[in-house]
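What follows are several structures.
Look at the two complexes coming up: subunit A is in both, with subunit B in one and subunit C in the other.
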Partner chain A sequence: MDTKSLNAQDYIDLVKAYVETQDEKTLYDAEQIAKSFIKNNILPEEIVNLHIQALLEIYPDLKDDIQASMKFLLEAMIMYGLAHQEYQQLREKQLEIKSEILVAARMQQMLLQSDIPKTEALDIGVISVPANQMNGDYHHFVKGKDGSIGIAIADIIGKGIPAALSMSMIKYAMDSFPENLMSTDTILASLNRVVERNVDPSMFITMFYAQYKPNTGKLYYSSAGHEPGFYYNSHSNNFEELEAKGLVLGVNPDTTYMQYELKLEKDDSIILLTDGVTECRREEQFIEREEVLEVIKHYIHLPAQEAVNQVYRHFERLQNFQLRDDFTLVILKKIV
Partner chain B sequence: MNSQCFVTSIHKEWDIVAARQMGRELAKKIGFGTVDQARITTAISELARNIYLYASKGQIKFEVIESLEQKGIKVVAEDSGPGIEDLSQVMEDGFSTSGGLGAGLPGVRRLMDEFDIISEIGKGTIINTIKWVR
Partner chain C sequence: MNLQIHIEEGNDKSHVHLSGEIDVYTAPKLKDALIPLTSKQGNTIEVNLEQVKYMDSTGLGVFVNALKSSKENGSKLKLINLQDRVLRLFQITGLQEIMDINATIRGVNE
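Let's look at the complex of A and B:
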C-alpha cells in the first residue's frame, strides 16, 4: 500500500473492511496507515474522530451511548496529542543541539590537533577516541630544535564540553612556552599555575609529560597525578610501571614536580595512556591492569600506530563498542 | 466586526467546569467541529485551572469574533494574582508537563491559533487566545 495517498476516507474504508473480514491483511494496512498519520502529524484525537465517523458510516443507527463513549475517548486523547507535539518539538531541539555540539567537536579537533613529529629515533603511534562527541583527553607533541621529542598526555577529571573547553587553554599555554629546553618538571609547574589561575576549583587536570632526547638516549618524565605509563623492556619482554609522583594540576599554585629519567635501548617502548584505557569495563567489572598489559604485549611487536589501533579495537569490542570514558593511548618505540 | 461577550469568574474548582461548559457550548454554536470543541475546552480548562491554582481569583471571558472573512472564539483569562516572573520559562516545553501538571501554557498555545500573554509582578496576568473556525 502506498503510504502517500492515504487519507481520512482510507481509514474509514479500512475499518469497514476489517469489520467484515477481520483478517490480518487489513490489520497490516492499519499499521501502514498509522505510519502515514504519524508522518503527517495527525494527532490521536483526530484519529478518534475519524473512528467515530467510520462507526457512524458502518452503523448509521449507532446508539447514542456508544457515541458518547467515543466522544469521551476523544476528550481524553487531547492531552496525548499535546504531549506528542511537545515530544516532537523537543526532538527537533535535541537534533539542533546535537548538530551544534558536532560543530564544536570538529572545531575542538581542529584546535587541538597535534601531528606526530617526524623523527628517526622513535616510532610513535597515538589514538584518542572520545566517549561522547567532545574529547576530555588531550595529547600534544613538541619537537625541539635539538631533536628532542616532547609528549604530553592529559585527562580532565570530568567529561564533556567543560573538559573540552579547558583543554584548549592547556594547549595554548603549552604553545606559549619558550622552546629553550624546558625540563618536564618546569613545564608541569608552569601549567599548574595556569590551570590554578584559570580553571574552576572543582575541575582537575592530570598530566604526564615525557621528553625523549636522542643525544642521550634517555626519556625524561614528570607526572601530575596522571595514570602511570609503562616501560616495555624488549630484552626481558617485561613491563614496568613508570612511577612518578606529583599533585594534579590546579590544586595549589606552588606545587613543584620531580623529573625522572630512564635509559631506553633499541626496541624498548614507552606506553602512555589515560584512565579510559585502564578503566575499561567488561560488563560492570573493571578489567585488571595486568589484562591491559597483556593486550599491549600481544601487539607491541607491530609498528606503533598499528599497535595502538589494535589495542583500541580490542577494548572497543570488549566494551560492546560503547566507550564509557575518553580513550587515549600513545606508544613510543625506540628504533635506533 | 461585531462581537458578543460572556464572562465567568473563577475561584472555586467547580468554576473550572462551568467555564468549560460555557466555552464548549459557545464553540459548538459558532460552528467548530468536535475535535476543535474539545481542544478549545481543554485550553479553557488549563487557563481556568491556572487561575484557580496560582491566582485563586480571576475570570475567563469569551467573545465571538465574526468578520466577513472568518469566524472564531476569543478566550481571555484575567487574574489579579502574583504574576509570572519568568515568562520564557513557563512558555518552555516540558516545564510544566514533565511534572504532570498538565498541558501548561505551551499546551494552550498549541490548542489555540493565537496566543498572547502579559504579566506584571504583583498585579496579575492577562492571557489572550483566539481559535478560528477552519
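Let's look at the complex of A and C:
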C-alpha cells in the first residue's frame, strides 16, 4: 500500500521532470518505475489514470478535449488490464502444474529406481540424465538366484509424460517374469506382447536385454531395435559393435527375437547406451558414433562408475551442448 | 527446424514429398498429413524422403503409426529415397524388415 502510493507520487514527479528537462535519465527512471508497477500488479488503466493526474498537476488548465481523449484511453486500456490479469492467473496455474509434474517425476524416479546389484563378478557403472523433467530412458537390473545379472536398457519413443508413464508398465511386466527361467529372447518376446497391447500406435520401445552368467563367464543378449552397444576386448584393446537384430517392441505382436552370446574375459567391458548419447548435437553438427566411441575409449580403463560419469561430463563440457534426448550409458566390466 | 509437406493425390496413389527435419516439433504435422491418407482403403502412399536430412525417433513413431493404420485400413505405405542417416534409424530398429523401403538415391545408398 505504502509502496503503491509512493510510486504513484514518483510517477507524477517523473512526468513533471521529463516534461521540463526531457533528459535520458528520467526515461531510465520511468523504466524502473514500470518494473515496480508490474511487480505490484498495477493494471494498465491505473497507470493511465496516474498519467491523467500528472497532466492535471502540470497543466491545471488542461483543455477539455485532451482530458476527454485521456478518458477514452483509460477505457481502452481496461481490456488490456483484464488480459493482464488473465495472464497472471495462467502464470500461477502454470507454476502449479510445473510443481505437480516435478512431484510426478520424483515419484517415477522412486518407482523405477533400480540399484546396481552387488556382485563380485562385474563392476557396473550407470548414468541416466533426462533431457526434460520426465526421463524416457529406462534401465533395470536383476540379480538371479544363481548369481546371474540381468540388465535391461530401454528408450521409450513418443515423448512426454504418457511415454514416461508407460515405463512403469514395463517395469512391472519385467518384475512378474520368472527371471531365472527366462532367456533374453523370451523376455523381449513377452514384453513385446505387453507393449503392443497397451501403447498408443505412435509409441514404441527399443530395448537391449543382456544377462551375464558368472559361472560360465558368458554374456547372453538380445535387442529389440535398440542402438547397438559395444564390446571392449581388453586383450586386443579393441572395440566391436554388439550386433543384434530385432524389431522394436510394440509394433507387431508376433515378433520373435534372437539370443546372442559372447564369452567375456577378465577386464573386458560391455557398453550399453541409448540414442540420446549419439544424438547429441553441437550447433548444427551431430556427434558421430565414432566420436562417442573415442571418448569411451579414453575413459574405459577407469572404474565403471567413474568412466560413465567422465563420458557424460565430456559431452556436457562441449560448447553449446544441448541434450536433445535423454542420455543413458551403462558400462559393465568383468573383474574376475 | 521446419518441415515442408507437399501432397499430390491421385485416384489410388498419393505422393508425399517431405523436405526439412522430422523431429518432436514437426512430427505432429506429419502425422496429421499421413494418417488420413493411410486411412483410405486401397490407397498407395509413397513418401519421398530425399530432402529429409534429419529425423529423430519421434519421426520414426509417426511412420510406425502410419504403418499400423495402413495395415488396419488396407492401404500401402512406401518410403523412398532415404538419406543414410535416416535409413540407419529404420535399420537399427528392425523396421526396415517390415516396411516397404526403397532407399536408393541415385545409387548412393546400398
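Basically, the second predicted complex is superposed on the first by the 299 of 336 C-alpha atoms of A that agree within 3 Å, B and C clash if a C-alpha of one lies under 4 Å from a C-alpha of the other, contacts with A are read in each partner's own complex, and residues count from 1 in each chain.
By definition in this document, contacts are C-beta pairs under 8 Å (C-beta built on N, C-alpha and C of every residue); 3 or more make two chains touch, one makes a residue touch a chain.
All values reported here derive from a predicted model rather than from experimental measurement.
Visitor: In the superposition on subunit A, see if there is space for subunit B and subunit C together, and answer fit or clash.
Guide: In the arrangement built by aligning on subunit A, the partners subunit C and subunit B fit side by side.
Visitor: Check the contacts made with subunit A and report whether subunit B or subunit C touches more of its residues.
Guide: C
Visitor: For A:89, is the partner it touches subunit B (first), subunit C (second), both, or none of the two (neither)?
Guide: Only subunit B; A:89 stays clear of subunit C.
Visitor: Could you look at A:226 and tell me whether it touches subunit B, subunit C, both or neither (first, second, both, neither)?
Guide: second
Visitor: Would you check which partner chain A:46 touches, where first means subunit B only, second means subunit C only, and both and neither mean what they say?
Guide: The first partner, subunit B, only.
Visitor: Could you say whether A:325 touches subunit B, subunit C, both of them, or neither, answering first, second, both or neither?
Guide: Touch status of A:325: second partner only.
Visitor: Just to be sure I read the superposition right, which of the two partners does A:204 touch: subunit B = first, subunit C = second, or both, or neither?
Guide: It touches subunit C, and subunit B stays clear.
Visitor: Return first, second, both or neither, reflecting whether A:155 touches subunit B, subunit C, both chains, or no partner chain.
Guide: second
Visitor: Output check: A:79 vs subunit B and subunit C. Expected answer is one of first, second, both, neither. What do you get?
Guide: first
Visitor: If you stack the two complexes on chain A, which partner ends up touching A:98: first (subunit B), second (subunit C), both, or neither?
Guide: In the superposition, A:98 touches no partner, neither subunit B nor subunit C.
Visitor: Minimum Cα separation, subunit B versus subunit C, post-superposition (Å)?
Guide: 20
Visitor: Would you tell me the residues on subunit A in contact with subunit B in one complex that are also in contact with subunit C in the other?
Guide: The answer is that subunit A has no such residue.
Visitor: Sort out for me which residues of subunit A touch subunit C in the complex.
Guide: 155, 157-159, 201-204, 206, 224-228, 245-248, 251-252, 275, 279, 286, 324-325
Visitor: Would you pull the subunit C residues touching subunit A in the complex into a rising list?
Guide: The contact residues of subunit C facing subunit A are 24, 31, 56-58, 60-62, 64-65, 67-69, 85, 92-95, 97-98.
Visitor: Over in the complex, which subunit B residues touch subunit A? Could you list them?
Guide: Residue list for subunit B touching subunit A: 33-35, 38-39, 41-42, 93-94, 97, 102-103, 106-107, 110-111.
Visitor: What does subunit A use to touch subunit B in their complex?
Guide: Touching subunit B from subunit A are residues 45-46, 49, 52, 71, 74-75, 78-79, 82-83, 85-86, 89-90, 93.
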